[in-house]
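In the two assemblies presented below, chain A is common to both, partnered first by chain B and then by chain C.
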Partner chain A sequence: MAKTTPSDVLKMLADAFEAPPGSIGPDTQRDEIAGWDSMGALALMAELDERFGITLTADESKKLRSVADVLALLKRNDALAE
Partner chain B sequence: MSQALPKLGTTTRLVARAAGLTPERLVAAFREATLDDLPQICDLRRRVLGKLLTWDDSAYLKWRYRFGATGPGRGPCFVVVDEGKLLGMVGSEQLTLWCDGERLDVPSLMDIMIEPSLDGTGLGVWLNLMLFDRFPLAIEIGANPNSLGLITRLYHRLPNRKQYVAPLHWRRVLGRRMKSRVLAATTLPLDVLYKGWRALRLRGLLKQWTHRPIERFDASADELFLNRLAPREIAVERSSEYLNWRLFGNPRVRYIVMGVYEGERLIGYWAAHLRKLPNGVRSVDLVDWLIEEAAGIAGLGRLLEHAVRWAESEQADYVSITVLHQISERILGKLGFLRRSHEYNTVGVHCTDKERWPLMLQAGRWYLTECNTDTDGIAVAP
Partner chain C sequence: MTQATFQPGRFAGRHVIVSGASSGIGRAIAVQLAREGAQLALIGRNRDALEATKANCQGAAGVELFVADLADIGAIPDCVAAIKERGRVYGLCHSAGVSLTLPLAATKPDRFHAVMNVNVLAGMELARAFTRRDTLAEDGGCMLWLASAYAHVAAPGQIAYCISKSATVGAARAMALELAPRRVRVNSLSPGMVRTPMTEAASLTAEQWAQIGAQHPLGIGAPEDVAYAAAFLLDPRNTWLTGADLRLDGGFTLQ
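Coming up: the complex of A and B.
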């Protein structure tokens, strides 16, 4: 599986959460992203599944509270290029 | 609706996995609720609503939804129950909408609630998609932050319902906000001017009408609806049966309904809820109104003014109306109501055949009052 870069992840998240391009950074918290609601969480699950084969349980989805958490998840699953 | 709808098949797979189920088990868990599900439904609502739940919820739910074949409810409550455990629910009220002369059965979806341990699985989205698969037309009327994202991204979003407020006692309303009696006293001239202006506007206008409380609608209401103002708008059918259920059967709230008559003929009505808020403010919320076409827009203005007069007689501090209806909104502005927008008073339309029902997506055609929501006046002060 090809690895992704942090900047591509930010673009992926902006797309999933329907956020303006460039509005999401590595330190952005979930509460700061209006589109990271139930729809956004589902869109994120779909992206992680389709692009990286990563499945999320309910607990894992709830524990993602920030962009940094998503990046860490991708790193743990060996999907993030350094 | 900003992006393409998520596909039901893909969503089923993702949500099932997140919830620890197989897709087949998730789909099999979706059904209409029966009375046997009511205890778990009440328990879920108690845990989610917390202190907001101040009514007999079992009685309310049995009024609002149809559990099995019996009961007064006007639509089923759909549940997801796996191995006897309730995972989520969504309620529906089967509305009869009149759209440009065509009568349509359209469910209004509401009360979507997910077991908190399954937050983040997308189960709420999935419930909507399951109902979209079942119904070619549906509406969802939102009133809180939880529905904003769903309605924005799953539905065709109409303009928000707007709240219009007419303060009747500026001194009392502003006094509470100013926290200074001296400052509040400076608003006394406002009260005097406002009342004088109202008295002048109503002078002679209501002479030919009489007003009587309605405690039960009869066939005259059916007649009134057929002869209503602006009959080609999209409106919920206000049959006598529907109005009696909606305005007199709700165990959660008591409405006052006033009929407007020319002689013995019912030509209009308004319905209101008188609330006393925790800060002592008395509010009259106008939740529904209808006038015959012959009375025209001017008649609608008179009807709304009469409701305001009644609110004054009840020592209310203000009148509040939340509505999506161009005609009413123009009149409310002229009557001195102040408009307030609320981000969460959303309205979404699901329509699978935009060529067949194009008018459903046009904001200017809709006539929606609080009668068509499930808020029942359980709201915050403006």
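Coming up: the complex of A and C.
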């Protein structure tokens, strides 16, 4: 599987959460992103599954509270190029 | 928990195809039809899971397994042709289905197509093959499409699924009219929430399950509840029942 880059991850998150391009950074928290609600979380789960083969339960998804958590998840799954 | 009902012989001499027989509602329907003497052709993606269904099909006149991914629409005619080699077919129960829980913004065309492919198009291809003049039983037949309460009501994140299940009800109704002259009855069954591997995989939290259960006056259903209703709708004695959609939901859509 090809690895993604942090900047591509930010683009993926902006797309999944329908956030303006460039509005999401590596330090952004979940509660600062209006579109990261329960529906946005489902959209993120779908992207993680399709792009990286990472499947999350609803409870695991709830534990992602920030962009950093998503980056860490991708790193743990060997999907993130540094 | 309801007791198993047993009407020996209701499906004696009847060859019935059940798609989605690997698990959940499809499995329960296969088991119920087996109890009532059907000859079964079970279609599913997973051979081991189909074998497990077959192991529970006591009473069947025969059980043949056909491993097929119904998302591969092109493979369906050959699958049904192989089933026909075991004898003309009386019944088709399209129980295979996939769910998708996503907001509209994430319901991209390829994800939407995946739902429609299995839930609707595969059913159409199965119906086309089943009703071929060299395949259908000579005294007519019966089709049952598994729809959903979500053919009639909506929920957030269920747009693709709602569309597919509404299409299922529409398909059954249109086919019922067109196929009546050939004595093929077509009905749909719209269950409320049933705990199955498909619904378990829908990323619902424990709180969401509790909430959904609270919305069903008689509680969340079991696959066997759906199987009893399916057997009624497929019953060869129900010669005047066609174009019907049975809402089977513990009262969910009453509210």
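As a convention for this text, the second predicted complex is superposed on the first by the 82 of 82 C-alpha atoms of A that agree within 3 Å, B and C clash if a C-alpha of one lies under 4 Å from a C-alpha of the other, contacts with A are read in each partner's own complex, and residues count from 1 in each chain.
Rule of thumb we're sticking to: a contact is a pair of C-beta atoms (placed from the backbone, for glycine too) under 8 Å apart; a residue touches a chain by one contact, two chains touch by 3 or more.
Everything numeric in this text was worked out from a predicted model, so none of it was measured.
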Clash-or-fit label for the pair chain B, chain C on chain A: clash
Which superposed partner A:G40 touches (first chain B, second chain C, both, neither): both
Partner chain in contact with A:D78 - chain B first, chain C second, else both or neither: neither
Touching partner for A:D49 - first (chain B), second (chain C), both, neither: first
Residue contacts with chain A in the superposition, chain B compared against chain C: B
Which of chain B and chain C A:E18 touches, first, second, both or neither: both
Touched partner set for A:D8, first chain B, second chain C, both or neither: neither
Superposed model, chain C segment overlapping chain B, candidates 39-47, 93-101, 129-137 or 237-245: 93-101
Chain B and chain C footprints on chain A, overlapping residues: 18, 39-40, 42-43, 45-46, 57-58, 61-62
Residues of chain C that touch chain A when the two form their complex: 101-103, 105-106, 111, 156-157, 203-205, 208
In the complex, chain A residues that touch chain B: 18, 34-35, 37-43, 45-46, 49, 55-58, 61-62, 64
Chain B to chain A touching residues, read off their complex: 2-3, 6, 10-11, 14-15, 17-20, 114, 117-125, 146, 148-150, 153-154
Footprint of chain C on chain A - complex, ascending: 16, 18, 39-40, 42-43, 45-47, 57-59, 61-62
